[in-house]
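Labels run A, B, C and D following the written order; every chain starts at residue 1.
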Amino acid sequence: MEASAEPEQVAAEGETGRHRRDAEVEFARIVAFSDGVFAIAITLLVLPLDIPKHTQDLAAAVWELDDDIFAYVVSFAVIGKYWLSHHRFYGTLERFDNTLMGLNLFYLAWVVLVPFTSEMLGRFSEDSTSTVAYAAVMAAASGTFVIQIAYAYRRGLMKPEAREAQQRFAGPANLLYTAIFLLSVPVAFASTWVAQGMWLAVFLVGRRAVNWIVERSEPPREEA
Amino acid sequence: MEASAEPEQVAAEGETGRHRRDAEVEFARIVAFSDGVFAIAITLLVLPLDIPKHTQDLAAAVWELDDDIFAYVVSFAVIGKYWLSHHRFYGTLERFDNTLMGLNLFYLAWVVLVPFTSEMLGRFSEDSTSTVAYAAVMAAASGTFVIQIAYAYRRGLMKPEAREAQQRFAGPANLLYTAIFLLSVPVAFASTWVAQGMWLAVFLVGRRAVNWIVERSEPPREEA
Amino acid sequence: MEASAEPEQVAAEGETGRHRRDAEVEFARIVAFSDGVFAIAITLLVLPLDIPKHTQDLAAAVWELDDDIFAYVVSFAVIGKYWLSHHRFYGTLERFDNTLMGLNLFYLAWVVLVPFTSEMLGRFSEDSTSTVAYAAVMAAASGTFVIQIAYAYRRGLMKPEAREAQQRFAGPANLLYTAIFLLSVPVAFASTWVAQGMWLAVFLVGRRAVNWIVERSEPPREEA
Amino acid sequence: MEASAEPEQVAAEGETGRHRRDAEVEFARIVAFSDGVFAIAITLLVLPLDIPKHTQDLAAAVWELDDDIFAYVVSFAVIGKYWLSHHRFYGTLERFDNTLMGLNLFYLAWVVLVPFTSEMLGRFSEDSTSTVAYAAVMAAASGTFVIQIAYAYRRGLMKPEAREAQQRFAGPANLLYTAIFLLSVPVAFASTWVAQGMWLAVFLVGRRAVNWIVERSEPPREEA
């Protein structure tokens, strides 16, 4: 019995899910790898802040970086926020499997693109293409994060005490982010300012609004 | 007895292998360093996505990145898959020694080259040289990974319950990857599309096929 | 009782603070992410050390990097010092909450800018603008670090035995750094050498001076 | 008694040294930060491998990278070896203090320079300046590593069982590296090939030779 279960445990470990307590180093590696990607992506945001080598008037050159600095601030806040959500979500997990790791990689593939769209946003701020690309990448990142949450919820990978809260709060909040970013794509063709205003609004009040609505509209089922 | 064993334990710790339980920080460092290299290599993939500074038509410039974005997708998937395999393999280890750490560095030296061959693949997509170089680096990475697995197997560094599965599944699967990538080198001189199709095929069905074959062809010896 | 506390524990975990003992992986991630950002920022300092491709006289080209090497030395020391302070501060914490994590991100946003201001300082060493920008970023980094310390102190996130020492020593020391860097901004318009001399002075004797003053001027209240 | 000891414990923790068992996260951060720096420095080695954008003959352009690829191989091996030594050394520590952390930063400052000297070595391989700069940085790195080992030895930061072996083997080996690299500086002015041959020799047989000499020449004092 034990012997026949062995090959499966390794070859198909994704099928059953492993408890983080039994695989501490392995669980830690998933978050460590993710943290590494987040940390590098957030630090690469500084690269577009670049002064041409033979600048005569340095002060003027710095002022001309205004759009790049704006893009830096927005993108640092965005990746920072993504990291906080990722931190909170993985804090609720007690199991993981191969599928979750794959979904996480898929999510990180969008996070890694942010330095690219951020540079575009700073350099071509007046062109709607950069706003569209930025919104699309953020929508994809938020969307794939929702998929991770939903998967972990359905497969019972979460700590029991966190399960309900995650589903009621984190799920809807990230769905809202995805929806707003998607919606801002067509808006950006009309006005980049309105599109960016939508991002700012969801950034500042998004989670709070979702919590407020969820708490009022739908009473928890497991009341004692 | 104790005293005479001391110099050896440090100077030649590679000869006996240390249990991860007795050297938690040291074991964790190996995977942390590897994770750092993987995370940076995968994030550097974004650097070739670059819009020339004085582009007039931004939307057109983004569309012209099509090959670079294709290379980004392929390489992110490849490094991600390598990382998953590395994660799974180190999860089966219970001991490590200096030789294994050296082999791991040798393996990582190929992983670090992927951002270089990936940039080449995106920029010179119509030239067979870039496909050849890409395939060669991937073959080397997979091959050195097989060597790590074989070494760990022979030196008994694996957890007993994972040993047989690793040998029967992970070994053949990574040998297959190496063979396909090697084979795609001459193919690329004839047609880059066929060569890249071979990569896609092995990526999508490789492990599954190996598992299927192994399970049917060779019954486990330790059946109860 | 338990059930009604659940949603709150996750949704509003920032409100109460979690003990690092109960959330080891989560606490470790905050410092791991911070370490990643510090490590990347400190390593990116090497990028401005760049020799033009078609240099005829390499030795002369290396000597012309003198200002860049000076900027590298200063910035490596600065980020290294920031990291040591961060290391010491998080070593005194026993709890963390969402606000602290947000403040930490806000602090890291300034650390990430150091490679940018450092490159400017090395390349445009004779221009006061680069000294001003450098001082401003350092003042902001030190200032946001003081805010982190003050917040952790007021919310009782520190280990009891570290609380008083942190408040009496780390707080004033980092306030002094912030003040000196702020003060060096107007000074830099007059003389960049005097401004940079102020940095050197605070770097070499700052903490020692603060400790000396604090120890003499204000006796600890909890004497036994 | 307790109360008066508190400020000192935090303000002057460097004076007494903390046991890694009592400060697990703090000890782990030192190696994690170092690992991050090593991992980024080793991955940045790929950046000089760069094909000009409008290359007509890609295969020829790749062959012209021969010196850059040689520099990549050498530098990857060097940083990898430094990391292995660092890993082994920190594995012997059971205590750490602020001075050790400062020395470690000083050491890392040289490691971070390797991508710069490596790029120079690859691009200007025929110029003795690049060999000189490379040897100087490696001598400085090895030398500051010897200082770390000596400090840890004198302050009793090592595990008792590792203490003697470290002093007898690691110390002399790293002193030898420093001497060879220093010696190769004047040699490089005469012949870069001889200088690089010295590096290769020390890389391949250095440690082995030191161990052999030490074991024969000086019998351990604590024999039972």
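Note that a residue touches a chain if its C-beta (ideal position, glycine included) is under 8 Å from a C-beta of that chain, and two chains touch if they have at least 3 such contacts.
Keep in mind it's a predicted model, so treat the numbers as computed, not measured.
**Student:** Could you run down the chains that neighbour chain B and chain C together?
**Tutor:** The shared contacts of chain B and chain C, listed by label, come to A, D.
**Student:** How big is the rotation relating chain A to chain B when the fit is done on Cα atoms? Please round to the nearest 5 degrees.
**Tutor:** 90
**Student:** Looking only at residue numbers at the chain C/chain D interface, is the share used by both copies over half or under half? Answer same or different.
**Tutor:** Answer different: the two copies use largely distinct residue numbers here.
**Student:** Let me spell it out: compute each chain's centre from its C-alpha atoms, then which one is farthest from chain D's centre?
**Tutor:** The chain farthest from chain D, judged by C-alpha centres, is A.
**Student:** How many angstrom lie between the centres of chain A and chain C, each centre taken as the mean Cα position?
**Tutor:** Averaging C-alpha atoms per chain gives centres 26 Å apart.
**Student:** Express in whole angstrom the distance between the two chain centres, defined as the mean CA positions of chain A and chain D.
**Tutor:** Each chain's C-alpha centroid was found; their separation is 37 Å.
**Student:** Could you tell me which residues belong to chain A and also touch two or more other chains?
**Tutor:** 28, 32, 36, 39-40
**Student:** Going by the contact rule set out above, which residues of chain B touch chain D in the complex?
**Tutor:** Against chain D, chain B makes touches at 1-4, 6-11, 13, 23, 25-26, 28-30, 32-33, 36-37, 39-41, 44, 98, 101-102, 105, 108-109, 112-113, 115-116, 119-120, 123-124, 127, 129-130, 133.
**Student:** For chain C, which residues are in contact with chain D within the complex?
**Tutor:** 20, 27-28, 31-32, 35-36, 38-40, 42-43, 45-46, 49-51, 53, 55, 58-59, 62, 73, 76, 80, 83-84, 87-88, 90-92, 161-162, 164-166, 168-170, 211, 220, 222-224
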